[in-house]
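By letter and in written order, the chains are A, B, C and D; residue numbering begins at 1 in each of them.
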Amino acid sequence: MNERAIFLFSCPDQRGIVADVSRFIFEAGGNILDSSQHNDIETDTFFLRVEWDTTNLVFPRQEIASRFADIERRFDMDLQLHLEPRRTKIAIFVSQHLHCLYDLVLSMREGEIEADVSAVISNHEAAREVTDAFQLPFYHVPVNAGNKVAAEQAQQEILEKTGTEMVVLARYMQILSDSFATRWYGKAINIHHSFLPAFVGAKPYHQAFERGVKIVGATSHYVTPELDQGPIIEQDITRISHRDQVADLVRKGRNLERLVLQQAVKLHVEHRVLIFGNKTVVF
Amino acid sequence: MNERAIFLFSCPDQRGIVADVSRFIFEAGGNILDSSQHNDIETDTFFLRVEWDTTNLVFPRQEIASRFADIERRFDMDLQLHLEPRRTKIAIFVSQHLHCLYDLVLSMREGEIEADVSAVISNHEAAREVTDAFQLPFYHVPVNAGNKVAAEQAQQEILEKTGTEMVVLARYMQILSDSFATRWYGKAINIHHSFLPAFVGAKPYHQAFERGVKIVGATSHYVTPELDQGPIIEQDITRISHRDQVADLVRKGRNLERLVLQQAVKLHVEHRVLIFGNKTVVF
Amino acid sequence: MNERAIFLFSCPDQRGIVADVSRFIFEAGGNILDSSQHNDIETDTFFLRVEWDTTNLVFPRQEIASRFADIERRFDMDLQLHLEPRRTKIAIFVSQHLHCLYDLVLSMREGEIEADVSAVISNHEAAREVTDAFQLPFYHVPVNAGNKVAAEQAQQEILEKTGTEMVVLARYMQILSDSFATRWYGKAINIHHSFLPAFVGAKPYHQAFERGVKIVGATSHYVTPELDQGPIIEQDITRISHRDQVADLVRKGRNLERLVLQQAVKLHVEHRVLIFGNKTVVF
Amino acid sequence: MNERAIFLFSCPDQRGIVADVSRFIFEAGGNILDSSQHNDIETDTFFLRVEWDTTNLVFPRQEIASRFADIERRFDMDLQLHLEPRRTKIAIFVSQHLHCLYDLVLSMREGEIEADVSAVISNHEAAREVTDAFQLPFYHVPVNAGNKVAAEQAQQEILEKTGTEMVVLARYMQILSDSFATRWYGKAINIHHSFLPAFVGAKPYHQAFERGVKIVGATSHYVTPELDQGPIIEQDITRISHRDQVADLVRKGRNLERLVLQQAVKLHVEHRVLIFGNKTVVF
């Protein structure tokens, strides 16, 4: 794929933003490949994602940021600039359920998700069957009531030494600390096996079974200190009936969790998600 | 359509129920058209719906109940017997949003739902456009802080004098009393414009917008004294995005509410729903 | 809603289009509300829909076209300019199945579709129940083997005298002539009750039943001389099973046809559809 | 899971079938766990699947068939009797696309599908990465214009020596002979990457792209001599837009193919599918 740049930003809405950004790209010798915008009416905020071809750039790629700085300042942008293609380094946290881990690893192998696994970190040994099969770095970090701080310290060290850029909690059944959530804010994604905000917390399939719902869901969201309250990226659902016991919900939920997490990770890696308050803009 | 009978029951599970019921039908000269069963493992309860052709019945149709009484007693059944075809008399409660009312009326006209409107009851005048167009009996029962008891009394009198067998709250924005809910238990269906148990109570689309969900839903359930807590019959969802303001959710929800309520009323009228604790078995 | 203008166009792709269009809007005193673009790689064609607020326009609204003409020429645009809000005049053709007609009429009344019914034209009398109920102009134009040319002549006269801008075939069971299709090209939408290209032509539910599919669909497309071959705007599906007879498919298809046609008409009326070869770009 | 037996049959419809089958089970000391029936009105054919607990059987399990033979004859049943639990031996044919193979293997490991892989047979070497990772028997059978008969002979020998009971074509891109299809009739399942009957044959995603459909699908069906014409077991779809190039359809189709094939294999292995003419009854 050609060399591309992505501007992803929000700023206070005013007239002329698109005109200035598109003139910048034109004068830089770029060609817009894809552009999406959004105006939040309540807060008068403007969001833009513009992906542009930099093959015929009239100045060096590394200068895009500095040359764009004027426009960035003028419109008071909260800006991300991504130079593509490059592969994000993802650490996957997992406990005993391996279906999401398998799905992510296969999605990366098939080119569905442009990323690499920097580390698989688990409080159990089960995931070794995956990391052995695909020759991925496995880190066993046991977690118990007494060692939570030390374990998280160990995890953080692994993330640093492996150059991890993004954390995916792929059915990781330990609660991470507020400071971890804060440190990785906007870069850590969790899969929760319910249609949030329904059935927050532990055993959502049991909760769904008790309530007698006719549909169960899965939700992928950014990790925040408040459990299962972070900005939602993607959700999906599947139908159930009175015939389904908890074990059936668990089983039906597996395909759902896989697809929802896969999609959320893909969206993040392609720089299509902007966090805005406790919501997301997904381009 | 031929003359048919429907047995719909639950009872403690034991061996031989299906054998006895099917032998009864065979010896009565009937022919099973459709049969569905369910065993609830936790409580060891058995559920059956069997619809059978009574065209060649060897005794008068009115005797089915008395002749089946032995089996009913032996297995301690909680039994409903329905002789079909017949059209259920439905009273529709509505406030200012008319889309569900329109949909139900048209569904009955098209034969989608085998029922008739016994009354349209509203605390507003808006629904008159529907009842005038389709020549349906309209009852305006204003409700305000001071007259709630009298209004419900008036409503109950309308239901009685019109021979109403089922109540449908088709976006009726007044809360009915516990005694009303209890009196019509198992015969009154509400549509709630969220994916319950998410967003209980007032303004669910506003709540959904605030939380930033990527999917909104609608839920049809039996009315119980606890608001939006009754046994769920049917749910469905539709996708939304960051572009959708509350007004868009309201708009997108309309088709959803229509279809979910239509389906729930249809299932009830066809005697396909059994309430079981706070859940439903839907055959 | 505020006064707005919509540019909807395709043109050969080249650098600078967005820059020039957005500068034009900026200098005109406009503010972009919504913008979507698409590049067709195979043919190097660029598509844009941009909706912008004209409340503070620095020149009269009627001058937008002439002032934009330079840019239009320079990029060789195939341009539509729409000044909003305004309500499209729609003629609905229908035969004996009224569910799509009802749905469209109600969608316009509820503000879901910003349009008015200029005429309901039918080869049967059945639709009178709708036009009487909602006080719409009804035109009965009988069609038989011998009068097809005269009938279409009569229909065309009705369309002209009512100022009709768009034709919707809402389960109209007569085939229109090539010259009609050509005359109304890009302004006439049909609903076909199958998942095209499966089950072209007559009795698609019978065909679907014979093939034993597990899903049936509906397709809304622009009318062209080739039956059921026009550019597709919208499709949707619903699940069926071995239990469903042809009559059940017809019944289940009704909600589907309603929603698919409603959505296609809405997209067209909001100027979100561009025909491109035998496909559509839907913004 | 407990010991269970499954009766799966079709027979000419007549009164008393359910009565006799359920009495047989009752007198055998069995308990019905799940029962589904269907009457085909056109041909007056009756279908039943009944799954029953044989834990307290009053005679040896091996005698079920002989003791049931009277009833089987009397009603002229086309009967399958399955004694569960047991794991079906499945051979998976695959070419270069590995996503369906991975999904099936993982589904069996997770207990989602109660079966084992007897052989992975491929005309390419690509699948070795899967069979090596999961220690499955891999058979490389190259196929070219000159060796088709010999290759199929080799495949058949592998199927026999491995005791294979079911064949799954998991994106196997070679056409099998009529005699192979006939020999494995009712025991071989294919995944076709379109919404059949649309886009039969080669390159369905290219065909879908050309036609400009808004939805693509996948279909799982029993293999018959006529290409892509066999009885359909399961179908599903996903939305696409004008933005999607052929490569995007291929990508989006992957998850779809996986899920549809997984579901079809699961249904077959659980003895929930009866072929009837060129259709299926799926209980």
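In this text, a residue touches a chain if its C-beta (ideal position, glycine included) is under 8 Å from a C-beta of that chain, and two chains touch if they have at least 3 such contacts.
Since the model is a prediction, treat every value here as computed from it, not as a measurement.
Both copies, chain A and chain B, contribute mostly matching positions to the interface they share, with over half of the numbers common to the two. For the copy pair chain C and chain D, the superposing rotation over Cα atoms measures out at 180 degrees to the nearest 5. Set side by side, the interfaces B-C and B-D show unequal numbers of C-beta pairs in contact, with more at B-D. A centroid comparison over C-alpha atoms places A as the chain most distant from chain B. Chain A and chain B have centres, each the mean of its CA atoms, that are 41 Å apart. The centroid of the Cα atoms in chain B and the matching centroid in chain D are 37 Å apart.
Residue positions of chain B touching 2 or more other chains: there are none.
Contacts from chain D toward chain A in the complex involve residues 99, 102, 106, 110, 112, 133-134, 251, 254-255, 259, 262.
The touching residues of chain A, when paired with chain C in their complex, are 15-16, 18-19, 22-23, 25-26, 29-37, 39.
Looking at the complex, you find that chain A touches chain B at residues 38, 41, 195-199, 211-215, 217, 231-237, 241-243, 245, 276-282.
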